[in-house]
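There are two complexes below, and they share chain A, which is joined by chain B in the first and by chain C in the second.
Presenting the complex of A and B:
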């Protein structure tokens, strides 16, 4: 025998609905995967795509330490072209748009790197 | 039982004495000198405490010789140097002396050289613009004061900053006896409603980053330009006037070393023991 079964079952149903709210609220509404704009006519980056996708931030940190602290400024050569070990003077030579390259993923992943507080993006200066 | 214990204690005691004494005995035998181990340390201590000893030369040390005579003769040359540097390095102009950011600027003789007076001196000296900047000290107090190692001495002897690491504590500013460090009280990238930049009326150099609010900044002796084989921008701005001479003061064959060898120069505030690398011909 269960006392107040009506109230309890109603309460349980409401509880289950509320706890699963995020799931059914977002059904079918999944965000589109980010589509980054790739440089035209360039096939290779300083590292392979998978590495760049997962570890570009570590690479940039290493570059900064090497350049600023150790003075190791040797150029990165990709497809026979020399690039500076630099975000704004290196990477952004090919990836010319912060909005279409950096922000595309960063917004999707809800990360807010502070690169552009100091570094200067190519076109859209803020 | 008793005998065994007595015997054990004797052996233990002798072994202990031998154990304590052995290293000393060995070192005495090996070095052939009783004071060998303490002698080196003592010698080093006296060397350090002797303030009049010749300064030790270690590695590169880039420095400047600033010929103030040239800056007295050529009107506007000092301002040209400042403008070139500040444009190159995106030094913001906050339009307010309290917030001012200075990498290289001018001072009067008695302000630049502490302890020197312009009282009863010639008029030329009183009006002489003394170009001052970070002294890239061989013994930089700012580097010691920095709790995050954001500022450090690089292999070329340049006192560099990694702005990523600066937490804005301003210990370095308190430590620097030359006022060569400035703090960003405001965001240098602040804009007007129309998107125009407030503190960069002439736009920014897109090859160089700006800073953000809450970091200290200073002259970096154009580390990047030097790496690219160029002269620092203040030196370049002087053109052929030889107003500023740049080079490695530790290399006896460099032009700057020759100038230092043959000309009487002074440094700013040398009594603080910072060993500044910027020299002045007055």
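Presenting the complex of A and C:
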């Protein structure tokens, strides 16, 4: 026999509802995997794809520091191709759409890079 | 030893997850263990609370930290010694949300004289508060990985937590506060001799475990970095009961997850149950209304009927009179004994 069972069971029900939040919250909402639009005509990114997936923000952060603090704007890639260390004139040269590339992933992962407060994003062409 | 064993245990857990994933057990660590851990957590939690609910509380146990309800011209401390349900709710609210009883923590110290002095000590309260709230922020923020689309409060929390805009991925303030607070709680146990004396492996283990979780998380986010998109596919899959592992996920993720699973499994069987226990603690959740309401001890045997004093006196009046005890009702005045019965006495 439980004392105050009304209150205790109410509390436990609230607890279980809170703990299982992700399970019932997702019901009905179809999962939208990000569909990134790959650049046409280009095969390779500035680093291998897996590295870009995990670490592009760190790379950007390094680029920014190197450019703004030491003025090194050239980025050397192993194959000898040179890329400009730049967000607007580098990444966005190949990845021409912020909405169809960067934002696809970022909305999914709930990140909202504040870079675009200052940096200009390419004009979206549909 | 009391510190070393739990530390080694956490290192062992990390090693288990690392080796497990190396030998191809990623689905076990990524899918089976999280579900098991959640089931044990919820089942164990409910079991524990129901067990507490079944324990009789023989009488009200008010820990009075203020003036009880008394005469009308004595001001009652409504929150610290509540006599109404509303007062109890208020006391509980402040306890759960602001750790009011930790705020009252005192530190006894002896100084020249020798004199004993009790000073207020707010550090434990402050760091406990920082620890719990940063933990809460981090847990809620993790919902970005478990829900799709996200509830509105996750981006809001993300924004405020990353408001310093340091580096990329942005530094989360809660990460720093959590690690700082756990370290404080650990150092407190080690440095204060009295606290160290009463600390057990069960006190250090959760600290190391939580520190391990925080550090693997930080390592994963800022240094080793993992493919968040692949991970979110797994975690949303877990939440929608259709988990799949796609893409490359580093072993640091499985280590982090395994430590979290351990925490969930360990939780209901440890001191961490104070999460549910705070709501169940009789000293906090009972109104101090002993003098207004009759409380019946649940241990009382119902077959034992009440025995009033008058009934008692009725039963033992003669013996009491014989022993010269004061009586409420005197023995019925001796009736004049039938003379014929005691002839011998009269003759003497």
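Everything that follows uses one rule, which is that the second predicted complex is superposed on the first by the 87 of 126 C-alpha atoms of A that agree within 3 Å, B and C clash if a C-alpha of one lies under 4 Å from a C-alpha of the other, contacts with A are read in each partner's own complex, and residues count from 1 in each chain.
Heads up, the rule we're going with is that contacts are C-beta pairs under 8 Å (C-beta built on N, C-alpha and C of every residue); 3 or more make two chains touch, one makes a residue touch a chain.
Here the structure is a predicted model, which is why all the values come from computation and not from measurement.
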item	value
Which superposed partner A:81 touches (first chain B, second chain C, both, neither)	neither
Comparing the two partners chain B and chain C, which touches a greater set of residues in chain A	C
First, second, both or neither for A:17, with chain B first and chain C second	neither
First (chain B), second (chain C), both or neither touched by A:99	neither
Doubly contacted chain A residues - partners chain C and chain B	114
Complex contact set, residues of chain B against chain A	90, 152, 154-156, 160, 162-164, 189, 191, 195, 197, 204, 206-212, 223-224, 227
Of all residues in chain C, those that touch chain A in their complex	38, 41-42, 45-46, 49-50, 53-57, 143-144, 146-151, 154-155, 158-159, 165, 167-169, 225-230, 232-233, 236, 238-241, 247-248, 250, 276, 279-280, 298
Contacting residues of chain A [partner chain B, same complex]	64-65, 68-71, 73, 88-89, 114, 117-120, 122, 125-126
Touching residues on chain A, where the partner in the complex is chain C	1-5, 8, 11-12, 15-16, 19-23, 25-27, 29, 31-34, 50, 53-55, 57-58, 60-61, 105, 108-114
